[in-house]
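Labels run A, B, C, D and E following the written order; every chain starts at residue 1.
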Amino acid sequence: MTSSLDLTPRRGLLLGPKGWAAVMAAAITVTVLAPLLNLVVPEGHAFHLSDYAVALIGKIMCYAICALAMDLIWGYTGILSLGHGLFFALGGYGMGMYLMRQIGRDGNYKSDLPDFMVFLDWKELPWAWTFSDSFLFQMAMVVLVPGLLALVFGFFAFRSRIKGVYFSIITQAMTFAAMLLFFRNETGFGGNNGFTDFKRILGVPIALPETRMMLFVLTGLTLIGFYLMARWIVHSKFGRVLQAIRDAESRVMFTGYDPLAYKLAIWTLSAVMCAVAGALYVPQVGIINPGEMSAAASIEIAIWAAVGGRATLIGPILGAFFVNGAKSWFTQVFPEFWLYFLGALFIAVTLFLPQGIVGLFDKFSSKKKETRA
Amino acid sequence: MALLAPVAHALTPDQAAAIAIGDTDSRIAALNKSAADADPELAPFVRALLDGEVKTADGKVYVVQGDKTAPDTAEDVINNNRMRGALEAALGALKLVSPDAKVRAEAVEELRKQSLDEAQLPLIEKAWAAESDAGLKSRLALMRATILVSSSDVAKRLAAAQALSASSEPAVKSLLQERLAPGVETDPAVRGALMTALDAVEGRLAWGERLGVLFTGASLGSILLLVALGLAITYGLMGVINMAHGELMMIGAYATFVVQNLFRQYLPGAFDWYIVLAIPVSFLVSALVGAALERSVIRWLYGRPLETLLATWGISLVLMQGVRSLFGAQNVAVENPAWLSGGVQVMSNLILPYNRLAIIAFAFLVLAGVTLMINRTRLGLFVRGVTQNRRMAACVGIPTARIDTYAFSLGAGIAGLAGCALSQVGNVGPDLGQGYIVDAFMVVVTGGVGQLAGTVYAALGLGVLNKFLEGFAGAVLAKIMVLVCIVIFIQKRPQGLFAMKGRSAEA
Amino acid sequence: ADTIKVGILHSLSGTMAISETVLKDVALMTIDEINAKGGVLGKKLEPVVVDPASNWPLFAEKAKQLIDQDKVAVTFGCWTSVSRKSVLPVFEEKNSLLFYPVQYEGEELSKNVFYTGAAPNQQAIPAVEYLMSKDGGSAKRFVLLGTDYVYPRTTNKILRAFLKSKGIPESDIMEEYTPFGHSDYQSIIAKIKKFSSEGKKTAVVSTINGDSNVPFYKELGNQGLKATDVPVVAFSVGEEELRGVDTKPLVGHLAAWNYFMSIKNPTNAAFIKQWSDYAKAKNIAGHKDKPLTNDPMEATYIGIKMWAQAVEKAKSTDTDKVIAAMAGQTVKAPGGFTSTMDKENHHLHKPVFIGEIKADGQFNVVWKTPGPVVADPWSDYIAENKGKKNVPEKK
Amino acid sequence: MLKVSGLHQYYGGSHILRGLDFEARLGEVTVVLGRNGVGKTTLLKSLMGVVPIRSGAVTLDGVDISKDTSYDRVRKGMGYVPQGREIFGRLTVEENLRMGLASRPARTPIPAELFELFPILKQFMHRRGGDLSGGQQQQLAIARALAPGPKLLILDEPTEGIQPSIIKDIGRVIRMLADRGDMAIVLVEQFYDFAAELADQYLVMERGEIIQRGRGGDMEAEGVRGLMSI
Amino acid sequence: MTPDLMESMREVRERHEARTQQAGASGGDASFGRLLQAGQPDFTQGVALYLDDITVSFDGFRALNKLSLAINVGELRCIIGPNGAGKTTMMDVITGKTRPDAGRASFGSTIDLLRLRENDIAQIGIGRKFQKPTVYEQLSVFENLELALKADRRARASLFHRLSGEQLDRIGEILQLIHLKGEAQRTAGLLSHGQKQWLEIGMLLMQDPKLLLLDEPVAGMTDEETERTAELFLSLEGQHSLVVVEHDMKFVDQLTEGRKKVTVLHEGSVLAEGRLSEVQANEKVVEVYLGR
């Protein structure tokens, strides 16, 4: 048994040197370059990064986190969730509640209650809002509420061995139900309007360019951090068990693994990632409403992942940037025709890039290798 | 200028002007005055007023019918609801004494809808006394009783109260309740009779309500069924997560719209029958679009269901925008043919609208067709075989490509039929499909993927459950509860209602 | 620059496209008209159209884009109150101008917004008053039916208070909400029938918005609930919404607006003609065959013209200068009156019309205010508004 | 009957079949032998058109069929029993057999001999194919291929998972079909004794090539058994 | 069978035995996980697997009919029987895939199998090869084996798991044994049928269960490979209990070495039991199974 070592695939390393360099570059871009270009380089200069661009990229980075989360559960574990929009929204609402309270008495009605409560006849804060003025408490809620929901929901669903499309559909049913619930004004979260008109975060005016930049940087770092974590997970044996579950769950069981624990762990983690993304999204975009829980919103997350390339981690991130970038650009340049382009894009990607954008890169690099060889 | 000449035999131009011009109070007074003469010649004029065929200019009244015209400066006579109500009442009263039993029946029907008061008693008594038709007579008797129950004569009140227990009118129920309110009716005998009558009426009404829930549930269920049937083929059988299913429905609805317009333009006489042509056309158009999609896109994606999700999502965006460019972003009007408008009155508080009845019947016809086609024909066998194992099907000699196209087109065509049906009850607009796609998937999945019978039960079950819950929880909460029920239900049956059991489920 | 950019922020896709697309077109038409007369301050107006796709957060993003990137002088846009609330912070933060052309619930007054649609007292309250009048059918019982969001909720809250002040007891008011896009009104109409059969004369006040109106009215027709029995007055149903409905069974149901296409006056005739020609020339789907105008279109039209006048007056497109110049601007409106911008409260003085649906989908005006009504955005029927002045806060 | 010449096949970059030439004649059983992974199944799939061939020619009765789709080949008289059974799991036994008759006109009855050969199929006529035991499924797969009466029958390890008595029957049937003289049979088999008993002609494959061929009667003598070991 | 192969197989076996002994000496098989500690199967009675009166029916059809069977510790038992006799169904019952309508099934003398879930059953030491080879199609051959490797199966443990040199060696051995060394990095889904068959056997060996259930393990193998497989199984005998289902009589003959017991199932219950030569002589067995 001499040569068994060369059988091991080259892993153990989280990233190769090139990979680390790319991560560092990304980190520097968001922490140094972007603030520089936005805050220091004067407006009108060719290299100035506009507030609009900062907001747009910030938003897309939040989406990228969702796509990454989707990749863990869908790409690697084979479970298509149509409920990630809900986790995203719950995270967003958690943050939004805090921001609403930060408005204080500066609202339209100069009341301690958020405006929508005033004109909908709430006389006091509903119980769910009790500690919403505490930043720490709300941040804990951002993680705990979606996390617990995912845990409980996942526990029952996985225990009942709900799989495939059945799982997708009940996640969708859950999300849809939550959306209807949040649309109701009686639920106490602002109904269709949701929360808007934020003024401050941690006492700092939210509209200040510096505040916005802080949020941007924070989002960027979170994305990078989540990426590294996800990479670590999928490269561990845990990650391979996930893939095995995707390929042949019964075989996994007959080998002695309990798929429930694995699925539940990755499902909950994925949900929490989305929730964090939601919490980062709300102060940057300035509104959270139940629209985020629509079926389309969740499907779109899956689409970013698919367009980028499933089970590649970096692919879904690229996908989120690509699709949302394209959407922003199309709506601007072809406001009346952009849906044609977007639709055609989705069709083209599926037909010609079954591995997504990442597959395209792979193709190129393997071609290069071939020609070199 | 034929100044009212043909109409106003008994109606002087001044009388007509008084009815047509002025504020509502004076117009109604004038109308009632003319009506009191019970002159049947008044009827055509009132009819014309109701139909908006009367114009005025300089205090003169013109009836614009056929080739009769009014000066350019003439303005429409505008009737508000109150005026219209009065006109209808007058017309009703006139009709009540008509020699034609059918006309009288209509009149009674119209009267039924109005709240009667003492003033109408003489009219009703007269009609009641003169009525020869037993059915009409008893209905008039009931109307008479509703007035007499408040009479000052105890005997009359008692008789009326007893008579009223035969009624099944919601209005009678509230009338009885009013009479029973403390201090209104004091005579114990009458009170007793009122109480008995109230019980009887309430019992009948409760039945109406229960049946109503069942019917609305069945109606919603049949819509869900139609919407889900096509998907049961494209998704359930073929495994294509067809997000464009809704848009194929939309295309069917627009096809119906186009057929309707063509009829309106070229065959106005047969307009009421446009739907008969619209059904096959909507099927064909959607099926053709489906065939084109299958040939160009879906074809390459078999065995990769999640990719079909992505591609069909793209397709749905394109189709929606396509319709927007072609027909505009607004909804378009699809009219119900006359024979599908209105409904049959089964009970006083239960009307079964014709279009909903038609859709229920239609849904079951389509279901029967699909079932036969899938389970009883060779094509159906091939479709099932091909969708299970495309490669092997080719290896037993089945032209799989063609079968795939047929199957997908069939699913698409049924979506088109659903669209045609939906055009009769809801919106026809570019977003039509979006509203149903989630429901469609819920139904197919709850029933069990690939299980036609499951789809049927799920559709009807969800429809009735939804309407039952709506009864006391309101539309939103009911829907939420239904969704929660689906989640719980799937826990119990992780493969849907009609789960495939045994080894073949894994295959 | 030799042009002045103006933003147009209406959904061209998604659920609201039904209502909003045409506002984009009418805005473009008005801009063409102004440009044809030489533009503003000697410069041509250059419209920048974006599509926020009925997605509220996207509204905010697109607003940012218009202001930051395209540097528009003013934006015309939004339909739902949600979308307005979503963009409001952007306009305030960047001190830019928004013209909002749709009737809404009030309870808001921003210095950066001009509201050219109706406030509740310019639409909802007169309509209910009419229902209670003898001509309106002397309604004593009310069903407040709406889509579940802020505009219907708030409007109904105001109406409830109003009805209470008129002595209508709580038990005679039924309030019911359906979600956006609700399409099955069987049960609700059955409920309304039941409610109305329980005695006094009943009327329905509908604040159903968007797509749901078609199934609602279709069901109304099918279940035989006639206007003479139970009239329905709607605040969000106009000519455009009725395009998708067979109106024959609906004759007599009502809508309250500040403009109807059927209003006869030379300004309106010209407006309709201008629109018809434009729709034909631009091949606007739907309108090229059957041109329709409606209240928000009129409000858009008035808004743009008024803004152009204010810019001329201010000799600048600077937001604050234009705001100052807007006060008291007048435009001869297709509605038949001269619309005046209030000196302080950023709302138009508008006449109120109540129309009954005709068989051809148009409205018969059955009642109207003698003249324009001044808006009261902070409705007095909401207790918290006591003492609030209808003047935007100065920042 | 069937003639293969210069057949090359690739999966992606890897060269699986390397220039095969052989002929299968009417009335003869051509047995293909070879260890796991040498490309036997790939060869049969290429013959059936399941995977398009990269180069070379396949002719049936002198007609080039290498561009035909699978179903055209079936219509031209080929029948296929794939490795791994590939029955239609959610169709009943009867429907599976009807699928087998797809290339025949509608209403062609299921030949009764099939039920004589595989009585279990008659008994389980209305059971779903997927519910059958492994061996029952294999029997069904063979019956399905026989149903339309092909001219060229291709079998990929048909005895896998089948009980001895039925293997014997299958052997007898194959022999009988071949002896009738109107059918050519290509049989891939690992079960040496079974193969040797039936072979009129044999081919041994190794790494995508035919390394030895000969008449069936000579197999033992030519040391074929030894070629099958490592 | 070539001498060097025999050699390597013996090596495998010896090394493995040494290892298990070591583990036993150092105080229990810690890597076996929680379940084992809680409910260690009790083999002191000498019985590894015990089925009693098991009945399974599908829509009224009895696939197993009061089946009773006992497998001793270290025994290698061949089970034969006609197609549809219920052999696979029996394995389904043992591994928890199918719940019987009636009867009892225990592992050792203490553990009630009918109460456990599939993964628990695997955990306590019952491994299975399916009739139709099932491997993780998208993972490499190496990873397939790695996942089967006996180790803590809990989620947290796998998150921090790293292969030890020893484990790596073991994977290497097995790869050699199943002739897939050259294919270690290939995606398992691309293997030929027979290769998958081997891979699955390899995975079972990695798992190192106490009881191996092998459903037609040599289907699709050449005669020579069949022999090798028989050798392999024989080498496992004693340390492990094996239940082998096969239709290949030569293979069964080799496995039973002319003396071990063979069980014949028919219509869901035991038709005959005894040495192969005995059952082969049984008229009934010949009629329903072997044929003439």
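Everything below uses one rule, namely that a residue touches a chain if its C-beta (ideal position, glycine included) is under 8 Å from a C-beta of that chain, and two chains touch if they have at least 3 such contacts.
Since this is a predicted model, take the numbers as computed values, not measurements.
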{"item": "For chain D, the least number of touch steps when starting out from chain C", "value": "2"}
{"item": "Common touching chains of chain C and chain A", "value": "B"}
{"item": "From chain A, the most remote chain by mean C-alpha position", "value": "D"}
{"item": "From chain E, the most remote chain by mean C-alpha position", "value": "C"}
{"item": "Identity of the most central chain, Cα criterion", "value": "A"}
{"item": "Chain centre separation (chain A, chain B; CA means) in Å", "value": "43"}
{"item": "Inter-chain centre distance, chain A versus chain D - centres from mean C-alpha coordinates, in Å", "value": "52"}
{"item": "CA centroid of chain B to CA centroid of chain D, Å", "value": "60"}
{"item": "Rounded Å distance, chain D centre to chain E centre (Cα mean)", "value": "31"}
{"item": "Shared-contact residues (touching 2 or more other chains) in chain A", "value": "180, 183-184, 336, 339"}
{"item": "Junction residues of chain C - those touching two or more other chains", "value": "12-13, 148, 177, 179"}
{"item": "For chain B, residues contacting two or more additional chains", "value": "320-321, 325, 434, 476, 479, 502"}
{"item": "In the complex, chain D residues that touch chain E", "value": "11, 35-37, 41, 83-84, 120, 127, 131-136, 138-139, 157, 160-169, 190-192, 225, 228-230"}
{"item": "In the complex, chain E residues that touch chain A", "value": "33, 95, 97, 117-120, 122-123, 127-128, 134-140, 142-143, 146-148, 153-155, 158-163, 168-169, 171-173, 175-176, 181, 184-185, 203, 207"}
{"item": "Chain C - residues contacting chain B, complex", "value": "12-15, 17-22, 134-137, 148, 176-179, 181-184, 186-188, 190, 193-194, 197-199, 201, 211, 214-215, 218-219, 221-224, 226-229, 231, 240-241, 243-246, 248-249, 252, 254, 284-287, 356, 358-359, 361, 364-367"}
{"item": "Footprint of chain D on chain E - complex, ascending", "value": "2, 58, 61, 81-85, 87-88, 131-132, 179, 190-195, 197-198, 216, 219-225, 247-249, 288-292"}
{"item": "Residues on chain B engaged by chain A in the complex (per definition of touch)", "value": "241, 243, 297, 300-301, 304, 306-311, 313-318, 320-322, 325, 434, 437-438, 441-442, 445-446, 449, 476-477, 479-480, 483-484, 486-487, 490-492, 494-496"}
